[in-house]
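Below you'll find the structure I mean.
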Amino acid sequence: MSMSHAQTLEGYNFAYLDEQTKRMIRRAILKAIAVPGYQVPFGSREMPLPYGWGTGGIQVTAGVIGQADTLKVIDQGADDTTNAVSIRHFFARTTGVKTTERTEEATIIQTRHRIPERSLSEGQVLVYQVPIPEPLRWLEPRETETRKMHALAEYGVMHVKLYEDIARFGRIATSYAYPVMVNGRYLMSPSPIPKFDNPKMDNMPALQLFGAGREKRIYAIPPYTKVESLDFEDHPFEVQKWDDCCALCGAQDSYLDEVITDDVGGRMFVCSDTDYCEDRRAQGHFGPLGQAAE
Amino acid sequence: MSIDINATPLLSVQNLGKDYGNLVACTDVSFDLWPGEVLGIVGESGSGKTTLLNCLSAQLAPSRGAVVYDTRIDGPREIFEMTESERRLLMRTDWGLVRQNPRDGLRLGVSAGANVGERLMAVGARHYGDIRAEAANWLQKVEIDVGRIDNVPSTFSGGMQQRLQIARNLVTEPRLVFMDEPTGGLDVSVQARLLDLLRGLVTRLGLSAIVVTHDLAVARLLAHRLMVMRQGRVVEQGLTDQVLDDPQHPYTQLLVSSILQP
Amino acid sequence: MNAAIIPMIKAEGIAKTFVLHNQGGQRIPVFSGLDLTVNTGECVVLHGPSGTGKSTLMRALYGNYLVGGGAILVRHGDGWVNMSRARPQEILSVRKHTMGYVSQFLRAIPRVPALDIVAEPLVALGEDETRARIRAGELLSRLRVPESLWTLAPATFSGGEQQRVNIARGFVVDFPILLLDEPTASLDAKNRETVTDMISEATARGAAIVGIFHDEDVRNQVVTRLYDIKAQEQAA
């Protein structure tokens, strides 16, 4: 669906933010791209939704979106959840830009807590919504101290957390927002994506941008950058695995959501990435419940 | 047979002083410290000894003077002319700092093993099994039951916390350890155990140490040399047994005569 | 074959006065203008009534007391160290390698067993701990300290037992110089005899010994020369 600019909301600038603000955001983004993984402070604006609902991601998208772009918005992998729909409509009404649910058609993908299963390509931009940008925050509450730690690359404490996990649980228990080392220099929180998605970040052809509205930080990973998940030599990084496949499309390589189907313990697993699942079914792949669902 | 005495001091302090506005916290402090030596700094509250220790250990920038440390790689370097990054690295590897209250020197929410292993991880250790084994080794050395390696220090007694703090500092085999009243606040029997441990570690590891204490018995036991401070100045310094048995300065004589004899 | 006689201690023109600042600056002169040379193979006994400064002189030789004026030269390795002027590091080196001291009182360190207290000077010189403990045990046995006491800290020992631990510690290393301050003070006849033998053996191996002996018998057996402090002072 797309609207011409004439049909967009009257009285609002293109993409809601004024041009000076967008310029400020772009400067922050350029700085972030120049120093991969480094958190750049920016003047986060009041947006028409509260903190914690994606204001950072929205400001980043607003900063980069242009008339020729095609926008996809997902929330936990799905295009049709309330928040994804709201944000997509927001941009449609303030920019008139074309929107889509198909990953390969989008030029900008704003996401909350997932990376699309389908590999992204050069020229695409992935915008992550980030709640807490500082990966060291749990260990060191002082901002003055964490800034120093980043400046001096004092990251030993991050391994302390992983050590504690292994000591307590026998394995590294962190399963989302799993800390990564970007370009061999900055420790970064990838936002609360499942660790399943971490490997996708490494050497990705697309540009990855991260926006935290409440914390007022923007960071970035330029295309084809090294991104490594932290681990120990004798406890290497591992992604989640399921015993089941997707009930609808039969996929065994995508991140699965558990769906409770009744109140007597019935459940099924389905792809979190709705577009990916639909695409597979369109190509004739079905899981145990797939054909019945069609 | 010639017996070598080191040519270069490990730490060389020249005319060190720290003011707070008009208040002179310490001034005119100069001394050299050689490898394997323990220097005791004694004096009553308000003598400036803790301020001095904080300046020496780079916690506080002095108002004047120099602190020159003989680094392993670059030779003698003035501490406050280093970059902050270099100083912080020094404090994590070559130096140790044992604070009076162990809770200030430990991560209370993290297990004993992680507390000891942190410095190793900070300098690049990446093998969990090795780190854990090294941590267990050090817990043994400071006489903490290895079975408590996964317990958090908030469940430890004061004496255990202090020993854990020592292990945490010594794991990277520092050459110089700063201690601020290491036995302060501990029971007498716990003190004895800790002092014995410190003595043993200092001798076996060839550590140098600067120990601030108001307790002359602790100084006699641990220190080779003593510096007596009063109102921010060093009034007497020398061999420990000489300063305590043949004190020259009136204040030192007063201090020594005030020791309670059991 | 006669070993060469080498001076090990050369004290020249030394003086000691205590100033008690907290008692109105009261001055207590002990001695002045003393010269003392001690050679290898000698056992020089400091002689004189109480209060003439025998212990003070000995402590000065050890670097435990300062002296006002003069020099105390001690042969250390191939050179000389002036104990009255040397850096603490040098004095500690002399005490570690060259000069042993048996004082009247044992400083019992909490928790350290007697065997380790005796072995410590050897371990400090780099000797293997096990071998050091064996040697320490030999000395304690010779001094009739029961083995049951070896693993205990000496704080609770009797005066005589503590003294024997002290002596063993002083003799565990074959120091070129030995200072002995009333080493037989709390001992019975048998142990006095053992200590006398140990001192004679040390003299025979060429140690330079300075001693203070209250007991005349012991003194007469070990002495090679008497040094009367008062007489020496007047002669100066």
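Side notes on the structure shown:
Chains here go by letter, A, B and C, matching the order in which they are written, and residues are numbered from 1 within each.
Here, a contact is a pair of C-beta atoms (placed from the backbone, for glycine too) under 8 Å apart; a residue touches a chain by one contact, two chains touch by 3 or more.
A quick note: this is a predicted structure, and the numbers were derived from the prediction, not measured.
The greatest centre-to-centre gap from chain C, using C-alpha centroids, is found for A.
Closest to the protein's overall CA centre, chain by chain, comes B. Separating the centre of chain A from that of chain C, both taken as means of CA atoms, is a distance of 78 Å. Centres computed as Cα averages put chain A at a distance of 48 Å from chain B. Inter-chain centre distance (chain B to chain C, centres taken as mean C-alpha positions): 32 Å. The residues of chain A lying in touch with chain B in their complex are 148, 151-152, 154-157, 159-160, 163-164, 166-168, 232-235.
Within the complex formed with chain A, the residues of chain B that make contact are 84-85, 88, 107, 110-111, 113-114, 117-119, 121-123, 126-129, 131-132, 149-150.
Per the touch definition, chain B reaches chain C in the complex via residues 1-3, 5-6, 34, 37, 192-193, 195-196, 199, 203, 221, 224-225, 238-239, 241-242, 245-246, 248-250, 253-254, 257.
If you check the complex, the residues on chain C that touch chain B are 19-22, 59, 63-66, 76-79, 88-93, 97, 109-112, 123-124.
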